[in-house]
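Which chain is which? They are A, B, C, D and E, in the order written, and residues in each are numbered from 1.
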Amino acid sequence: MSNFNYTLFIVLIPLAMFLLLGLQGHKFKKLSGILGTTGLGIAWILSLITAYQYFFVYGNVGGVFKPMLAYNSVWLQMTETLHIDMGILLDPISVMMLVVITTVSFMVHIYSNGYMKDEQGFARFFAFLSLFTFSMLGLVIATNIFQMYIFWELVGVSSYLLIGYYYQKPSAVSASKKAFIVTRFADLGFLIGILLLSFNTKTFDFISLTDIHGPAIACGAGASFLGLSVMTWSLIFVFMGGAGKSAMFPLHIWLPDAMEGPTPVSALIHAATMVVAGVYLVARLFPVYAISAPQGLEVVGYVGCFSSLFAAVIACTQYDIKRVLAYSTMSQIGYMMVGLGVSHYGGEEGLGFMASMFHLFTHAMFKALLFLGAGAIIHAVHTNEMTEMGGLRKYLPITHITFLIACLTIAGIPLLSAFFSKDEILTAAFHNNKLIFFVQLFVAGLTAFYMFRLYFRVFWNKEPHYHHTPHESPLTMTIPLMFLAVCSIFAGYIPFSQFVTSDSKPFESVMEMGIAIPSVVVGLFGILIAFVMYKKETTLPDRISTGFSFFYKWAFHKFYFDELYLFVTKKIIFRFISRPVAWFDRHIVDGTMNGISAVTNYVSFQIRGFQSGQLQQYAYVFVSGLVGLALVILYAFVK
Amino acid sequence: MNILSLFVIIPLITMFSLMLTKGFKQARLVAAIGMGIQLIMAVVLVFMYLHERNTGNTQEMVFYDSSMWFPSLNITYTVGVDGIAVAMIMLTAIVVFAGIFASWDVQFLTKEFFISLILLASGVFGFFICLDLFTMFLFYEVAVIPMYLLIGLWGSGPKEYSAMKLTLMLMGGSALLLVGLLGIYFNSNPGGTQLTFNILSISKIVIPMSAQHLFFPLTFVGFGVLGAMFPLHTWSPDGHASAPTAVSMLHAGVLMKLGGYGCFRVAMFLMPQAAHEMGWIFLILTTISVVYGAFGAIAQKDLKYINAYSSVSHCGLVLFALLMMNKTTMDGAIIQMISHGLMTALFFALIGMIYGRTHTRLINEMGGLMKVIPFLAVVYVIAGLASLGLPGLSGFVAEMTIFVGSFQHPDIFHRICTITACASIVITAVYILRVVGILLFGPINNEHHLHLTDAKWYEKTSTVTLVLAIAGIGLAPLWLSNMIGDSLGPIMTQLSNAF
Amino acid sequence: MGLEQYLLMRHELVLTLITLIILIAELCIKGDNSRKIRPFAIILFFIATVVGFLPLGEGSLFGGMFQTNGMILIMKNVLNIGVLIIFIQSYTWLGNEENKIKVSEFFLLMLSTLIGMDFMISSGDFLMFYIGLELATIPIASLAAYERTKTKSAEAGIKLILSSALSSGIMLYGISMLYGTTGSIYFSEVAKSLHSSNLQTLAFIFFFSGMAFKISIVPFHLWTADVYEGAPISVTSYLSVISKGAAVFIFVIMLFTVFRAMTAMWQDVLYITSVLTMTIGNLFAMRQKNLKRFLAFSSISQAGFIFLGMIGGNELGMTSVVYFMLIYIFSNLGAFGVVSAIANRTGKENRDDYDGLYLTNPKLSLLMMIALFSLAGIPPVAGFFGKFFLFTAAAKGGFYMLVLIGVLNTIISLYYYLLVVKAMFINKSETPIQYFKSDGYTRLGLIICFAGIVFTGLFSFVFEYIRVYAFGV
Amino acid sequence: MTEGTPLTYFLILGTIMFFIGIYGFLTRRNLITILMSVELILNSVNINFVAFNKYLYPDKLQGHFFTLFIIAVAAAEAAVAIAIIINIYRNFNSINVEDADEMKY
Amino acid sequence: MSGNQFMFYLFGAVIVIFSILAVTSRKILRAAVFLLFVLIATSGLYFMLNYQFLAAVQLTLYAGGIVVLIIFSILLTSHISEKFEPIKPQKSIFSALAAIIGAVLCIITLLDYNFKAGNAIAADLDMTVIGKALLSYKYDGYILPFEVISILLLAAMIASIVIAKKIKK
């Protein structure tokens, strides 16, 4: 075994950066960007080294990638068996995630140096970015589910802070609030899931939990509740947490609003890393899901499937480019969920798992690219609305090319990375669940359509009147674009099944042409439609939208989910629970207390007549009191 | 002399020195020095305690000392601490220290203010070091009564009403408590002759069940009033809202903990059988407290009210955890007390500081303060995050310990209560974020607030002390948890024998 | 029966001697110099108080009509302390122009009532008891009417004398029936012949109502407030602590010795009346604006608490009753002392007049607060200990419900005590009572009270000392 | 001597007189008449004492002496009471008990 | 009906009737005179019971002393011809009710009780016995109350003086 102690620094460097920049950032001014970037760069290099050492040097023991504890110490002892550790678990998926996170984060850091240049709170931005990176890294290397939960929450908070970066903008504030509360609600499910799980298995530890021969998985056959085993329930609850973070239906509503944050943040958090935490969570517990709670896994699959369709449909109608991308993210994560949902445990049966992780990996690259590209566009034209854009290709050449690459990638054009990953998800779906397969195929088409709708609207189409000529971004911004474009192109060639599989045993994956071809065709078809509709300015889109006016309206309004939530929170919770509770407290509970004193006062006032100042009345009370007392004592207390 | 007695003597000396001071500058300096020494003593005590334990002292209470006071009634002045008491003393010392600095600006009758404040503190310290029911009760009341003047004289809003209500309700609690204590006393030696108030001695015997059925509820409710148990919590919102900064801090931060600590140390420790039999009633009430307080907080407009209801919720969680009656939850309950003590003190400190600048506590009348008073705003956010249970801050440790522990209870009723209580973490998030959003973020909506000044050095001292403590517990909870956990042995034995 | 045995009557003899000395001195002092009698009387009485503390055995004289023991001695000493404080406190008031012609009479009457009380406490039969009681009452009535130009004072006097005449008449009727059923007026013989027949129960209740009148127990209390308000403050404090204290002492002795056989019955009586007393006293006290009247009702409610100590019938109860009375003397005299200091200076007696007092007269306010807290039973001042032990005594007898009612009543009482505290500390006033410096005697009196309030509780030897001599049913 | 008249007759007579006195105390307006009612009460007690002594315990004279002392005390009490009443008369110019209600509630 | 019985009924009737008259008469001086009759009748009872000394004291101190005192004070404070206003019926009814209930309660309880006359021999009642008892300090001796009551009388005297004393101008 190798000494992986240095991995600790991957986590600690961002933390140190956060503390440094957070507490003393105002003294560094512009330097803070460079500091933060440098720190992340070191972490990135360390991650790459870790990946190399794990995958190629030490990790593979006898054909299996063993999980390794690089570091572990007890953080909080709860019961004899349940203790929260803080540690670093290295196994294929965590190492992969380390690479993904540090890569994207590093790129975003570089990019932000340019993008955020003129912002106030420059240091604060980098501090938060570091905090986020730290939390996200902590999440992926968690050795136990509770450590994961801890960093999960931290991730949520950093996301909150970053979404609310423009804290003077009310929309940003409410978006950040919404994001936090919705995910918090989901985390409640996560927490309950953890409680149930840990109660049954008596452990938080991932290694013992996912040990397929271990006692934890065997617990699955335990007592049942409403037809599902307790284990299944607990995993469904856990998935609720994942669904919240990963913006799965119906907990997705925070994600589009989260685009209020600065664009690099959207790229890092709300596209590449944090939102896949849910996927990662399910993948982490995959053996438990697959063996003990297959129904739970089905739920994951269906939720993912529906979310991806749902999001894709909405994406087709949105005009805010970041929102389109946000729904696209949601849709793509749906894919990943589907991949997990249709997977089984072990070997080739675990194709879906592998594919899902693969897609996660490629998605991180191209989606970050898309967002950063979008950021560059916004940077150039100072608007998010695609209706106010057009013909940008000649002003922003680098952005244009990299954006096109990303669009092609997401559309699943062969030889680009997402083609491979998406294709494998579809393959796995095809073998396990035909319904999901066809839906996903359709979504693939939709994806291509809405991405190219965006592409054509922005880079081609009619050029509106710009206030000032858009210009290409500085190098600090274009370098990450180019780097990520390269990644998007070539990431697909990594033989993923050799490294990341459901049972950590490498296997050979083969491409099934019977599935690859239809998906490509569907993708191309989508591009074609988009080309027809949006290459030049036509009335076609309007006509179509009026043709399907009802459906279009619903989709445009995101199926009124925001309104529904608003109704639930504002009307039900605030007006029908909180207000009444507050009222009840003031008037009933407090009223009772005040009432007691009021009654006392009243009585006190009423009986003052006894003290009339009249001697004879006193005597009368005296005598009648005496007689009364005598009567009571003699006759009421019968001896 | 016993080191523990110093915790009462130092405040007394400080109070006497305060009487001799002239002018508010001297007074606050003396107070700060006195309570600074107290804080140092508390730290020393922690180390001494840990040293004792490490050197193999396995007594239930260390630094135990007992001297007779009223021989004929066997009332003694008995002191002794275990890990829990040490932790509570530490908490108190921190909060009082922070409280002194938070009230650096008090210039109206400064001397009297600090004397009352320190008198209150000495009551709290005395309560925690004592092991004799009589002296505990004495200190308990000593701690409660200065509240009246503190709120009435230096408070704001409907202070007279609130002060009266608070005092009377707390005294009402202590009325029930008194009967409970007497009941325990007269049942403290079945068959024997010598009755005792000594907790340790009483814990060795089994109080007859008929007595327990009568006195457990009395004692529990008695302490529960101070612990803001539903529906006896209504002193809390008004009281806190009207109290001056340091008093809110001390009261919510420390005094309310006397309730939880008392429930734990007296009601449950001495009457475990009744705790088992009757716990469910209070469990329902505390579960309601937890959720109810949180919902109540959402609808409030005044910062202090929000925090007061939040305290109801959090303190409800303390009692809730105690009633779950296993080692983990008890551990969690104590940590929750400390955690809540620190963060609510921080909250009140900040609210006071903000109020001192903006002269309003209605959140709707403020906005965008982050821009003008970034330090306070950031600390406010930290406090908020601690309150909603962010990992790395103390609240998380406490809540999670409680939830995990509670869930170990196999009974379905307890499970339902647990899950209901868990739901509070979402509601907490809602109201905390609501406040933060309105208060600190967004545009500045009141032009008077454009030129506020940020925290002064003493305000920074006050808040940073608390933040450090919160983060310290949040980041490295193990030592605290172990210190508490080691001391839970006797009560756990009591409770498990009670089955 | 040797002469030295008469030393058992030391208290009474010394007091009588002082009375005579003052009487003679009064004859010797001419005209306007009568004020000089004040320090003279105070010093004499101080000597008497000290003499009272000399150790003494127990025994009985006059064929059992006079009896004394350690407990009785303590009781007398407690009363002496109280009277000494009252003498000191009334120094200033007696110096007023209108009072100067009857200074020595004030002392004479006070001392003679004290003699009456001492005889009453020491009495071994109903006759001595009755005469002692009357001796303790009749002169007080005239003292209540002492300020004869004030209508309130006259009204207080007539209300006191007539009500007390009625009550002693009723009490005598009860005593006559006790005599009829037991054949004796001697306590020891009565105790042997009691057997809880209806007639004896009735007799007890008649007797009780007379005692209850003196202790101000509801419903026999109505005279209290008016008399307290109308009488001069010194007399009011005398009535509220000394008269009441003496009655409490003899009553507790009689309950525990004479009526021992009827314990179950008188426990019922005490139960009912103490609940009524605490509650009604509190309810009335809540609304009082005049501080003397306010303290009157507060003392009524305190009387209810005292019953809590008696009801258990145990030696702890007797200890705590005596102990409580001692503390009560300090606390109540402290409160009355402040009221009288202010009234002498400004003539103001209402609560509203006290607004903002702390800012002008901090020491007086603090003492008042401490005294009120002591009355309310707030630690660490002595009242807490007193009340706590009363409750303990009741709880020992198993009267938990009564204790609960009692402690709930302390909350109401706390409410109105806090109202005064609020007036002094919190309320603002346009025209606060101006700062003034009290003279030495006033301050001395207040300091004694302060020391008593603070230290009586904290130092347990007082309690333990009383405890040694206490006895139960 | 006492034959033919049972003790209870005396006692009933005493009781009736006692309560007549009480009634008088409760109803008369004039302070002096109230004082007279008190004398009635005391007198009825005296009858009780004397009767008990005579009928039941004639060997000792306790009731007899008690009565003696009650009479003496009653005289003293009446003297002081009358002094106060006269003082009231000076202050209020009336000895109506209902006028003496300056202090109440 | 023996003479004794007759005497008892006579005195009893006088006492009851004049008591009632004394507390109801609307002329104050008459009331005082009725009271005098009651007191005299009471002393008659004492005579009847052979307590001559007591009866004499009753006559001199009570009838002679107190009533005279009362009549003096009446003369000082009232007009003889003045008639009281009638009592409010409410007041008189309630007072009567209380008195009657009390009386009935007492009488029932008294009758309920079984008084047993001892067979003790009646003590001799000549003046020497009374005088010795009054001056005896042994059991059943009354020197102490005798002395104390002297203090009481002294105090009462001073008390009266205090009230009556006038400020010298």
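Note that in this section a contact is a pair of C-beta atoms (placed from the backbone, for glycine too) under 8 Å apart; a residue touches a chain by one contact, two chains touch by 3 or more.
Not measured: the values here are computed from a predicted model.
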Query = Shared touching chains for chain A and chain E?
reply = C, D
Key: Length of the shortest touching-chain route, chain B through to chain D   = 2
Inquiry  = Once the contact rule is applied, which chains count as partners of both chain D and chain E?
reply    = A, C
Query = By C-alpha centroids, what is the most central chain here?
reply = B
Request  = Average the CA atoms of each chain to get its centre, and name the chain whose centre is farthest from that of chain C.
outcome  = A
Note = Maximum distance between Cα centroids and chain B occurs for chain E
Query = Could you state the distance in Å from the CA-based centre of chain A to that of chain D?
reply = 96
Request  = Calculate how many whole Å lie between the centre of chain B and the centre of chain C, each centre taken as the average of the chain's C-alpha atoms.
outcome  = 42
Request  = Averaged over CA atoms, how far is the centre of chain A from the centre of chain B? Could you give it in whole Å?
outcome  = 36
Inquiry  = Taking the mean of the C-alpha atoms as each chain's centre, how many Å separate chain C from chain D?
reply    = 27
Key: Residues within chain A bordering two or more other chains   = 597, 608, 611, 613, 615-616, 619-620, 623-624, 626, 630, 634
Per-residue overlap in chain C, given as positions that touch at least 2 other chains = 127, 131, 134, 138-139, 141-142, 145, 148, 157-159, 162, 166, 170, 177, 180, 183, 198, 202, 225-226, 287, 415
Remark   = Residue numbers in chain D touching two or more further chains are 11, 18, 21-22, 25-27, 34-35, 56-57, 60, 62, 65, 69, 73, 76-77, 80, 83-85, 87, 100-105
Key: Complete list of chain pairs which touch one another   = A-B, A-C, A-D, A-E, B-C, C-D, C-E, D-E
Remark   = chain D partner, complex, touching residues on chain E are 1-2, 4-5, 8, 12, 15-16, 19-20, 22-24, 28, 31-32, 35, 38-39, 42, 45-46, 49-51, 54, 57-58, 61-62, 65-66, 69-70, 73-74, 76-78, 84-85, 87, 91-92, 95-96, 98-100, 102-103, 106-107, 110-111, 115-118, 120-123, 125, 129-130, 133-134, 140, 142, 145, 149, 152-153, 155-157, 159-160, 163-164
Key: Residues of chain C touching chain A in the complex   = 158-159, 162-163, 166-167, 170, 196, 198, 201-202, 205-206, 208-209, 213, 218-220, 222-223, 225-226, 264-265, 268-269, 272-273, 280, 283-284, 286-287, 412, 415
Key: chain C contact footprint on chain D (complex, rising order)   = 11, 14, 18, 21-22, 25, 31, 34-35, 38, 41-42, 44-45, 48-49, 52, 56-57, 60, 62-63, 65-66, 69-70, 73, 76-77, 80-81, 83-85, 87-88, 90-92, 100-105
Inquiry  = Give the list of chain A residues in touch with chain B in this complex.
reply    = 74-79, 82, 84, 146, 149-151, 153-154, 157, 160, 164, 167-170, 172-174, 176-177, 180-181, 184-185, 187-188, 191-192, 195-196, 198-199, 569, 573-574, 577-579, 581-582, 585, 589-590, 592-594, 597
Note = Seen from chain E, its contact residues with chain C in the complex are 105-106, 109-110, 112-113, 115, 118, 136-145, 148-149, 151-152, 154-156, 158-163, 165, 167-168
